[in-house]
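Shared between the two complexes below is subunit A, which pairs with subunit B and subunit C, respectively.
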Partner chain A sequence: MSRAEALPGRGRWLLPLFGNEVVTVFRRWRTLVLLGVLAAVPVLIGVAVRIETRDGGSVGPRGDGQGPAFLSQVTNNGLFLVFAALAATLPFFLPMAVGVVAGDSVAGEANSGTLRYLLVAPAGRSRLLLAKFTATMVFCLAATLVVAVSALVVGVLLFPLGEVTLISGTTVSFGEGLLRGLLIAGVVALSLVGIASLGLFVSTLTGSGIAAMATTVGVVITVQILDQFPQLHAIQPYLFPHYWMGFADLLRDPVYPDQIWRNLGLQGLYAGVFGSAAWARFTSKDVLA
Partner chain B sequence: MSARIHPGRRTVRYAVPVAVAGVAAATIGIGTAIATSGDPDLPKISAQDLIAKVAGSDVQRMSGSVRVTSDLGLPSLPAGMSFGAAGKGAHGGASAAPDAKLTELVSGTHTLRLAADGPDRQRVSIVEPAAEYSLIHNGDQVWAYDSGSNTAYHSTQARHQDPGHTPATATPQELAKKALAAVDDTTSVTVDGTAKVAGRNAYRLTIKPKQSGTTVDAVRIAVDAKNGVPLRFTVTPKGGGKAAVDAVFTKISFSRPSASSFDFTPPKGTKVTEGKAGQQHHGTATPRGGDSKVIGKGWTSVVELKGPDKGIRPQSGKDSSRANALLNSFGSKVNGSFGSGRILSTRLVNVLLTEDGRVYAGAVDKDALVKAADSGK
Partner chain C sequence: MIETAGLTKRYRGGQLAVDGLDLVVPRGSVFGFLGPNGSGKTTTIRMLMGLIEPTSGVARVLGEPMPRAVGRVLPRVGALIEGPALYGFLSGHDNLVRFDAADPTADPRTRAARIGAALERVGLTAAAGKKARAYSLGMKQRLGLAAALLRPRELLVLDEPTNGLDPQGMREIRALVRELAEDGTTVFLSSHLLDEIEQVCTHVAVMAQGRLLTQGTVRELAASVTGRLAVGTPDTAEAVRVLKEHGVNDLTVRGERVTGELPGTGDLAELNAALVRAGVRVRAFGAERVSLEDAFVALTGEGFDVAG
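What follows is the complex of A and B.
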């Protein structure tokens, strides 16, 4: 499968390859369980808030605003459960799920011995890697949407809806609130690009799926911890989770986009560096198993 | 592409991620260099004309973001207490009252967002992670909304009240106006080149005290060359180092902000605290019933406060020993003909608490403070 032979049929191989990879990811039990756990988080938050505020009390022991972001506004408007659930899952649940899927993508196939059969197909390694990356991206979006939709359903069922008071104090229609929610889901999904690229790179380094997943999830936790130390402020703007919570800036009026652009730029940088590193590794490594 | 490639090409491929990282680093570096270089070329202007320009500025409509960095060198409080929390405590629990929030600006870096449309409608928000504190003034209504705790504060004020007294107390404009109002023969004012602030051309005005004994080295104000709006306000202390206060517009626009920015209706479920009309701006730091007088003039003026009772020491309760321990841990003891007391020092302001319950405070060094206390005796 030299480049010259693959050229004429290049387009034909692209779409089925992507489709194939996406189906492979979503047919795994592991993926479905991860999505199930993600869907359960908003239910848990919603029910807990509902129980605590059923006699008209406020969230938290003294209602002083301590605790997860947006939680205190959930009782005003069920839509805020979407934001609260995304804020609660973004630091750990979402990146962990993405780390598992991304870490498994190449290493898992190498582990089970299916990688070499994939390489027999005349698609080329670069395109196979691209397909794996795309499938991981699709999972990032799916995972975020599962959280958002589950939170929206729970929010509609348990809490009042109506006009949305943004965190700046101005009021917008429910439709605009929903639109901002959709934008936020998009930003959150894109926030996971960095960890997905990193996971893909780790996945090309090893032949063990478990090792790749553990390493990726370990990196997520380590970097999250590093992001907490004030003494490390010099390197923090370059850590991939640093601007994650910036999605909240979409709820200001007018929208305060600085952090969101910085976040997207940073995720793009991680995708560029680790994506190309994964490519360099994957296209030059010997696949024996 | 074959599965087996020449070993030399393997290492070449790793050059791609390295190159990507390198290009990114270079882009960031060049971006910073462009942002900081190039002071604009502007026609010369005298300090008097520039001050007149600031005073005559009649910009009514604007919106923008301000970054306020304060490094006053305040003593750090024991765990669990912060200056913001201390302010909150004075209002009895969680409250969206303005005084409590504004004290948070005293330390650290904060982003404020401002909008103004005439003297009747202004808003200022403190941008917090995933939350925002907004102070909205619209006609005779003053609302404060704290999205983090989902609480609101409401009060009505007379229409004729000085609008400058409402929201924006830490903006470059307010700070600059106060500083310029204090200019007299104890001060030298010079125009010190130009600068680019928030994409606008500005003159740099430097105000330096002529007197000795003050802790202020200089106050610098960047003034918009077109409309005289102060865009940056910096106070540097005598001790050198970072500015003690630096308020700078990172973005500014002089078009009319959208009318909806000034409307606030508390959402269902939000706890609203009602403030009494006209009472909302009493500082929390004023001692009850104490009277104050100013000793000296210009930069070295010292404020003397006489407490109604035995000074700053709490009289009773279990807090008193803790408060005393706190005072002992901050202050250094001084003696003079006024008696003895403790000096709490920050980078800009020194405060003398005497044993007999008087308080002297000013942007002056310790010797000047003791001298003022001696003369006040």
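What follows is the complex of A and C.
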């Protein structure tokens, strides 16, 4: 079944609802708690590193290309706390937070019954879904920036700053390091598009916000585990977290953009597939609650 | 205003909630949609508002097919469906902002004024800043109504609007409905409260178990049911004898009251005179007013119970 939407002035079509959706998402207590937890992670890492290295010791695995933990460099340069915090939160904390928000987006409103009032307003099913999708993207960006900014603040407070030694050994100015950090935050935020789309799709399947959140978070954990088994290498390139850690390549000189492009391509694929599935489901769904 | 033909909904799980409904709601009417719990009123309203797809049949609202034309039709329709649903963490005012932002045809420049007027209309201006979580059921109901009144509407669809309201609140809602109807808004009002429908509606449709039993003006429906003759007297035995002689059937005695079927022909004054002539002390005499409830019981045969 297809539902025609009213199409008045182009700019006015989505903007008010999108703006209101964003405001509504960020006024929920749950959202603020999630962001608070994300902000606390860099603080914990920073304090832990600081305590452990008080007497000149070193921490963590050496940054020898085995995995971008960046922890060993934090004591020399606070900026590395940004990279370390993003690397630490990207596997679970960030996607779980996004899973909660995306999973709740449609199902939560179906649960509370507000969905029917949005639909008779009439929000238009495609338009509402698009507003929800874009608002979830805004949350992905906000969550990433909360981690990055919190890490930067803690890094500046607890550790020295200065020129940045990249993974490839070259040294760049602090300003360029900061710029690369911003770029990394952008890539990390975009890395979350896949799980956000998946969560939105799950959200259209059920009338229970809790069920949708739990399912989406469960998917994150399962896929992350599957990505660890070498036996599954045939399917791993299609798992949404597979290229996530590729963002570290932005800290090489020259930058190897290969993994990053693959990551963004994969996220785009997930957005396309699950976005379409969510749309197909939501525009034909009986809204009962 | 609303027209359905053969409208049918079978829910997943097999429940036939609405069965071949042919409804005609005239423009300008206050249309009462009456039926016991589970008779399919809310299901019908969901189909009219494009929330669910009919299993078969067609529904037209404001002359356009639903749910195909929701985008064109619903901005001109205000609705309260199955009670209010609000964002508890937002204030009453901000709830209205959200519902208004959801309407792509609503002008954001006039939003503040329209919200203020809607709050005023339902008497919630003082509580507008309070979180909706802290609202009583009646306040929530009022806020739901305010959302339906954010813009001038051609049609208002109200599903049990007085549910949860105190008598004062009920009176206010009724007054509001009358006021809106006077302004030319067509009101489609579902209820299982017979006297509520009787007090405000011009037209009525009666549902039971998903089927339409009847529809028409309230007057027609009441007229379709013959009223009863009632005689108040201490001499009940004598009264029964005289009435029976004069062809009154189905006589029952309850206390000092004798009732029976109104005779189709003849003058009631003659009957009264006959009673008096026979020495029956008549205290009261007359045809009982037929209420919608009597009509309903006559229609369903069993009264106002939930069918399984």
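The criterion applied here is as follows: the second predicted complex is superposed on the first by the 269 of 289 C-alpha atoms of A that agree within 3 Å, B and C clash if a C-alpha of one lies under 4 Å from a C-alpha of the other, contacts with A are read in each partner's own complex, and residues count from 1 in each chain.
FYI, a residue touches a chain if its C-beta (ideal position, glycine included) is under 8 Å from a C-beta of that chain, and two chains touch if they have at least 3 such contacts.
Keep in mind the model is a prediction, meaning the values are calculated, not measured.
Contacts of A:Arg252 after superposition on the shared chain: subunit B is touched, whereas subunit C is not. Look at A:Glu52: by the touch rule set out above, it reaches neither subunit B nor subunit C.
When both complexes are overlaid on chain A, the residue A:Ser168 reaches subunit B alone and has no touch with subunit C.
Of the two partner chains placed by the overlay, only subunit C lies in contact with A:Leu128; subunit B stays clear of it.
By the touch criterion stated above, A:Thr283 is placed in contact with subunit B alone, subunit C being left untouched.
Shared-chain residue A:Arg28: touches subunit C; no touch with subunit B.
After overlaying the two complexes on the shared chain, residue contacts for A:Thr75 are found with subunit B alone; subunit C is out of touch. In the superposition on chain A, the chain among subunit B and subunit C reaching more residues of subunit A is B. Touch criterion met: A:Ser112 reaches subunit C, while subunit B stays clear of it.
Counting contacts by the rule stated earlier, residues 1-3, 6, 119, 124, 284, 286-287 of subunit A appear in both its interface with subunit B and its interface with subunit C.
Partner subunit B is touched in their complex by these residues of subunit A: 1-3, 6, 58-59, 62-65, 69-70, 72-73, 75-77, 87, 119, 124-126, 160, 162, 165, 167-171, 245, 248, 252-254, 256, 269, 272-274, 276-277, 279-281, 283-284, 286-287.
Listed in rising order, the residues of subunit C touching subunit A in the complex are 46, 49-53, 67-72, 74-75, 77, 79, 81-83, 85-90, 97-105, 108, 144, 147. Touching subunit A in their complex are the following residues of subunit B: 1-5, 9-10, 13-14, 16-17, 20-21, 24, 63, 65, 93-94, 113, 125, 127, 129-132, 134, 136, 143, 145-151, 258, 260-261, 263-271. The part of subunit A that touches subunit C in the complex is made up of residues 1-8, 12-13, 16-17, 19-20, 24, 27-29, 112-114, 116-124, 127-128, 284, 286-288.
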